[in-house]
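What follows is one structure encoded as structure tokens, with my remarks underneath.
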Amino acid sequence: MKPESFWHIFINASLINNFVLAYFLGICPFLGVSGKKETAMKMGGAVTFVMVIAATCAYGINLLLIAVGAPFLQLISYIVVIASTVQLVEMFIKKMSPALFRALGIFLPLITTNCAILGLVLFQTNKGYGFLESIVYALGAGAGFTLALMLMAGLREQLDFAEVPEVTKGTVLTLLIAGILSLSFMGFAGLGG
Amino acid sequence: MQTMSQADTTEPTISLKMLKAMVGIGIVCACLIALTFEYTLPRIENLKAEALNKAISIVIPGMVTKKTFGVDRNNNLLEVNNKDKSPHLLYAGYDENGKLMGLAVEASGIGFGGVLRILYGYDPEKQAITGFHVLESKETPGLGDKIEKSSDFLENFRALDVSLNEDNVTLKHKITVVKNGAKKNPWEIDGITGATISSRAIGNILADSTRQMAPLINRHKSNLEKN
Amino acid sequence: MGFFNFLQNSFKHGIHPAEHKNETKDLPIRQFPFAPLIILPTLQHTGIPSQIIVSEGQEVVRGQLLAKAGGFVSVPLHAPVSGTIRKMGYVPTISGKKVPGIYLESFPSSSQEVPEGKGIQVESATPEEILQGIQDAGIVGLGGAAFPTHVKLKIPEGKRCEVLIINGVECEPYLTTDHRVMLEQADDIFLGIQYLQKVTGAQRVIIAVEANKQNAANHLAGKVPREAPIKVQILPVKYPQGAEKMLVSTLLGKEVPSGGLPIDIGAVVINVATTAEIGRLLPHGQGIQERVITITGPGVKQKGNYLIPIGTPLRFVLEQVGTAENISEVYLGGPMMGTAVANLDISVTKGTSGILVFPETEIRRKENIYPCIKCGACLDACPIFLNPSKLGILAKAGAHDEMAEKYHLMDCFECGSCAYMCPSNIPLVQYFRLSKNRVRKRKASIT
Amino acid sequence: MLNKTLNISTSPHAVQGVSTADIMRNVVWALLPAAFFGVYAFGLSALFLLITTTVSAVLTEHFLCRFSNKESTVSDWSAVITGLLLGMTLPPNFPLWMAFLGGVISITLGKFIFGGLGCNVFNPALVGRAFLQAAFPVAITTWYPAFLPDRFSTYSVATFTLPFMEPALDGFTGATPLAAFKFSHQATAIPELALGLISGSTGETCAVLIILGGLYLIARNMMNWRIPASILLTVFAFCGLLNLINSELYPTPLFMLFSGGLMLGAVFMATDLVASPVTPLGNWVYGAIIGLLVVVIRIWGGLPEGVMYAVLLGNAISPHIDNLIKPRVYGTGKR
Amino acid sequence: MTILTALAVLGCLTFLLAFILIVANKKLQVREDPRIDAVEQMLPHTNCGACGYPGCRPFAEALVSGKVLPGKCSVSPDEGRAAIAKFLGVGIGAEEKRVARLACGGGNNVALNRARYHGIQSCQAASLVSGGGKGCFWGCLGYGDCEAVCDFNAITMNTFGLPVVDIDKCTACGDCVEACPKDLFSLHPISHRLWVNCKNLEQGEAILEECQVACTACGKCAMDAPDNLISMINNLPVVDYSKNHQTQIPIQRCPTGAIVWLDDKLGIIKGAESKKIIRKGQRQEGIS
Amino acid sequence: MSVPAKTKTGFLDSLEKSPATDIFLKGLWRKNPTFVQVIGMCPVLAVSNTAENALAMGLATAFVLLMSNTLVSILRFVIPKQVRISCYILIIATFVTMADYAIQAMSVELHKALGAFISLIVVNCLILGRAEAFASKNTVETSVLDALGMGAGFTFALFCLGAVRELLGNGSLFGIAVFPASFQEWVVMMLPAGGFFTLALWLFIFNAVKRAKQNKERGKALP
């Protein structure tokens, strides 16, 4: 088997198989936090950050679990460790930099139990990525998530002033835009292939 | 403010309670999971092995027993036990007499929708690909997934020529994909209309993999045959 | 359009509306008859109303002071005609607002003579005296805004006026008052410039004239006193070339800072008619009683440039010049920035530069309003480089504060270029006025 | 005589006189030459196709307005453009029932759900096409030869396929110039491309007529010239650079410009006023992004053609462009 | 064996996690008076600002800190205010209910329009175009900005284009006061029954051309009013509500019905001698 | 909201009278997690490309929901408030792992089709939400009912999506061809975009029905 290049891992996670638009991971924040550009940007940043942390943790746990021979505890340990690590980081940030906390921190608890994070670490394990590959994968996934969130936020902000019919307002409209974005992202299919 | 000081006095007991509750639940959970795992493991392994066997017997028709080999750093073929996960897995299939029928080789590459993992059968005697099976694909259902379903396409892999030159190191012809209906030579693959990209990806994967594996297998033929 | 903009030596953006000046530009200024009843609001300028100093029943002569300035940002009001004060009360104005005013019944055979006052000679007077003289003459900007001229001429502490710009651009379609003034009152203009130079201390004077008034420019250029630092500059025809910000950009290549005035970059802009009025009135110590007004438009029978006494009711004016049967809209000022008249009982004031009459058949009402299609025509037109498209969308949604904070709403000077260009007929300027009003109101309520 | 009630309204009291409907109508005129060329080159099938998409878009618009108790907005002509453009981007032998569906999707998904004219954030015609391409990828990449001798007497078998049924494949696949280049590295001669002597989507083949239509609109100040200029320049420059680096691997810039839907996309689709940025500099940036995406998708992507995706992605970015690139307001110092 | 590994791994993990949480629990206590939340829950959540605070939460904070009394919230029903008062152990601080009140009687049946306005259909927009075209500069333009701005649907435009306030729905939030470009709305306790229903500053009968119910500043009401209750200021009668104003005497002789008495539902009762104008339709458009 | 007394009592209404069925129906219909509450959307979109996958996913989620609700309810007095979320996650993760292995033991094919989404049930907002908002405050019986209702509602929603997508995208239902062989599949329905569109369609229908109902009620209340 030929190992994937970092570049392809990144492009794949961010554009071709975008976590939100192709894998449907993290739909809740995608629907919920995409109303304003600023919050979307911060949310994206926070998700990327947590993804990198989670990828690191997961890599370590996976090694450990294989070592002790308990791969069946994978899921439960991932979620428990990621949750507590994120909480630790949150406390740490709060103490070290209140400004950063205000920008990122309030999103952290939201993200802890989010499909995108857990999905990332599960995929990363399934694909058998090494440490660096995992980090690149996390960065790509985070960038893709941020991109999707930002695009949606921009469009939704613009539509705040449009005469959207009552019945499609809200989630329906957001989903339809997501669908069209997902169609557009198909243009990236096969990139780097 | 009163409520605050109350909380302060009760803190140690609460902490202890928290610790107890969590560790307790953790232990119960551990038991539950471990039991489930123990209970289902044999069946899952069975199913997996069956699936693998099925896949291998698709690409090596008529195979009865098999052995698993891996490729180490120095390009040597070594028999490995099933649990090990070393890259470049190959399976050697034998008939009831223990005669080598062919090899099932795993290969992967990038298709239309992401990574494609395939298994193909290689017959060192005929120096040809004898079968082909998709292990994992994200190709578009109804379009790209014709690479696993279209019998016309699978027909290509009944005997796809990958003969080696006399030097036993290089291939005579590179596997190429041509437009549907344009196949003329035994080393060409007839593509799928509407899924050119997926079919070409298969061609590329096969070409890449055979270029490396065919000489290797030929070199270690004896190694494989003794059963 | 827009494509070859860079070839022109002028401000960027702007529009080219049809001019319609040919009908009146060659008609000499003519004196208008006195109306039997003159209506004089005490607020004909921007600022504080004048304070009436006469009483009901009192007889006054032409040029007599009727109301004194109500403060620094205010000017006095003089009788435009000899007669009797019939009544005092609320009188209607063009803004719709009713303000305290005077009804003056003119004597049937009033004389045109205006008694001589205490003149101010340009050679002997100090700048302060001239400034006071300008206020006493009741002079306000005749270019449209009717801002008290002496206030504008008082150079703030720490600023210096380097160049005086005499605005003879008259970029509004239809209007030809400034054109005629330049042709017929050149001497007054040059005398006025002397006063202005003395007040401002400006070393350079530029008289700016649009290329469609070539004859006026030549006439003025020929009369420039020898060795006077006065230059007559011909500018490309483009709306709103006459707006002082654009004028300063074109002539000096500098921009007036947002929220600032031309004096912030060392310039003072005064309209030609204002200048002429200064030159005519100050030496005689008189007050302003009449002004030149273009009466035109497809609904007018005797189009022309008339010297009309201030306070003449619009109804009287239109009866005199004759109008079409089916008049539908009357504007004071030009078609781009002028105000529609709701009530013909209002009168001509110091700020009135034109009276435009349109019959029903000539009105192209913008009834078919489409949504904004973001064509960008408005952006390409706006001389201030605002984004009227976005502003319009925000205004419709009522996001007034966002307009002011993020999109420079308050820099819009309502020139109307954007609405003129908009293919969707969106009432952009009205939206902006409304929003500006709201923002101002809110700011006022906060402080 | 002077006792009439006057009418009052805000200044300005003058208007320049070209309305939105006028602009839209002129865009239709500008599209017609290229559309007629499509009919001339591909015959009856193409004619039926264009009529179907246009009628479908207009009908959909009309009925949606009716259902939402609004006045029908068909008279502003924008639905005609959407329908016509949709037809022009489809292969001539595209089954009519699919084309009809495309028109319906274009107007509902691409326009109506956002609030109708002026509110859509994506190009409606391309939303319809993207849906069709994702729904029926085979039908939309099955091409029909141009200039068949009997094209005015017979039509493609696929054209009249029953609704919901699979079209019989009577076209040939993969022979358009871009696919030929992508999969077999065969370049087509530029004059052939420019004059439209090739196969492709109904309205995209004759680049010359498309350019003429665009020039007409630009001359009448009804189209934003900056966007096509920016796209074409970017594609030319980027592709030229690649071609200089390796002329074996990468096509010549002229081939890039004149092949596939680039010309139609750059001149008529990226310029859709509503879904593109509104500021002048924003237009340049938007064009450059689309140009880059086109080249990237065409050269490194899986698909042979990417104009549609590039424009849709450009649409998605355009609110950000508008937000980040604001004109410098008079008197506020340097940028 | 599997079970043992599982126990060990998960035991350690959960221990670690619990430890972290305990630390977090100690470090991250949120110190906020819980009563604020409770009070906020009891408020109507309309964030209307009628209480003088920017929203319900700041008002709740103020309530808890004892700065104000619950009666300030005019939107809550009486029971709600009582509940909050009980919860906080303070008085209700009842204030008399106030409602928005219009000072114009010039519907299109009695007042003339001098010009026909075209443009954005809003009073604020119209008022900026030569005053809006109504004959009386001070009068209601009738485009219903007040109706649109009211969050409680308390204002409806009647057939003559005048806003009518539903006193049950009106919360005295003051939005209409702010919205009206002619400043016709003000907030008054409902006990103020004697009401000057006009804002026209002109004196004399000439104004009747424009509006048949305008105050002509004849001064009869001021003359009749006991105890100097009414004074004429700027050609308009002004009621001094600090005096005893529960009297209908002043309205009786008003010739135009510009000063009125309001009944329980704020219906208008005019004086005996005021001219009765019963017109069902619109008055004809005036001439300029 | 006081609903005016209805003259005609439908079957559902009579059922709603009893508190137990009321709790159940609430989850299935009135507070349907997908169509009304719009939570836990990821699996709804991701594994609804065929009716079979959708059903399997729905059932798996319902199982986890049921078990975790029960356990949380049983333990509700034991778990201290401060660590409740972590405890819930532990419990949920356990049952998810069990479900995962169970499915794997049943069919490798199905496990492959559902992919990581079985594991992702752990983070499904629905399950944690029910544990937190309902089970931790209610008796075991009602929690079980709630879980059954919500689980059924979720499965129902998934099935609605899966059926439409499979029907249009593959011309079949549960793998059985419904349309004639020459049916042209709408490939888009199998793609991610199709998931978004179908969900939007169903939400739209629910919205429209809700609005129509509201309008009708308002119409009734008026005269």
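Chains here go by letter, A, B, C, D, E and F, matching the order in which they are written, and residues are numbered from 1 within each.
By our rule, a contact is a pair of C-beta atoms (placed from the backbone, for glycine too) under 8 Å apart; a residue touches a chain by one contact, two chains touch by 3 or more.
Computed from a predicted model, the values in this text were never measured in an experiment.
Novice: Which chains sit in contact with both members of the pair subunit D and subunit F?
Specialist: Where subunit D and subunit F share a partner, that partner set is A, B, E.
Novice: Determine the set of chains touching subunit C that also touch subunit D.
Specialist: Touches both subunit C and subunit D: A, E.
Novice: Would you mind checking which chain's C-alpha centre is most distant from the centre of subunit D?
Specialist: For subunit D, the chain whose C-alpha mean is farthest off is E.
Novice: Roughly how many whole angstrom separate the Cα centroids of subunit E and subunit F?
Specialist: Spacing between the chain centres: roughly 46 Å.
Novice: In whole angstrom, how far does the Cα centroid of subunit B sit from the Cα centroid of subunit E?
Specialist: One centre to the other, that is 74 Å.
Novice: So how far apart, in whole Å, are subunit C and subunit F when each is placed at the average of its C-alpha atoms?
Specialist: 70
Novice: Could you state the distance in Å from the CA-based centre of subunit A to that of subunit C?
Specialist: Each chain's C-alpha centroid was found; their separation is 61 Å.
Novice: Can you tell me which residues of subunit B touch two or more of the remaining chains?
Specialist: 14, 18, 21-22, 25-26, 29-30, 33-34, 36-37, 112, 140, 143, 197
Novice: Give me the residue numbers in subunit D that touch at least two other chains, ranges are fine.
Specialist: Residues 2, 4, 6-10, 109, 115-116, 118-119, 131, 134, 137, 302-303 of subunit D touch two or more partner chains.
Novice: Can you list the residues of subunit C that touch 2 or more other chains?
Specialist: As it turns out, subunit C has residues touching two or more other chains at 315, 339-344, 365, 371, 427, 430, 433.
Novice: Hey, which chains are touching each other here?
Specialist: Result of the pairwise touch check is A-B, A-C, A-D, A-E, A-F, B-D, B-E, B-F, C-D, C-E, D-E, D-F, E-F.
Novice: Which residues of subunit A touch subunit B in their complex?
Specialist: 1-2, 4, 8, 12, 16-17, 72-73, 76, 127-128, 189-190, 192-193
Novice: Which subunit F residues qualify as touching subunit D in the complex?
Specialist: Against subunit D, the touching part of subunit F is residues 179-180, 182-184, 186-189, 191, 193-194, 197.
Novice: Can you name the residues of subunit D that touch subunit B in the complex?
Specialist: Per the touch definition, subunit D meets subunit B at residues 137-138, 141-142, 169, 173-174, 179, 183, 302-303.
Novice: Enumerate the contact residues on subunit F facing subunit B in the complex.
Specialist: 49, 75, 78-80, 82-83, 86-87, 90-91, 93-95, 97-98, 101-102, 104-105, 107-108, 169-170, 185, 187, 190-191
Novice: Help me check something: in the complex, which residues belonging to subunit D touch subunit C?
Specialist: Interface residues on the subunit D side: 1-2, 4, 6-23, 76, 115-119, 221, 224-225, 273-274, 276, 278-280, 283, 322, 326-333.
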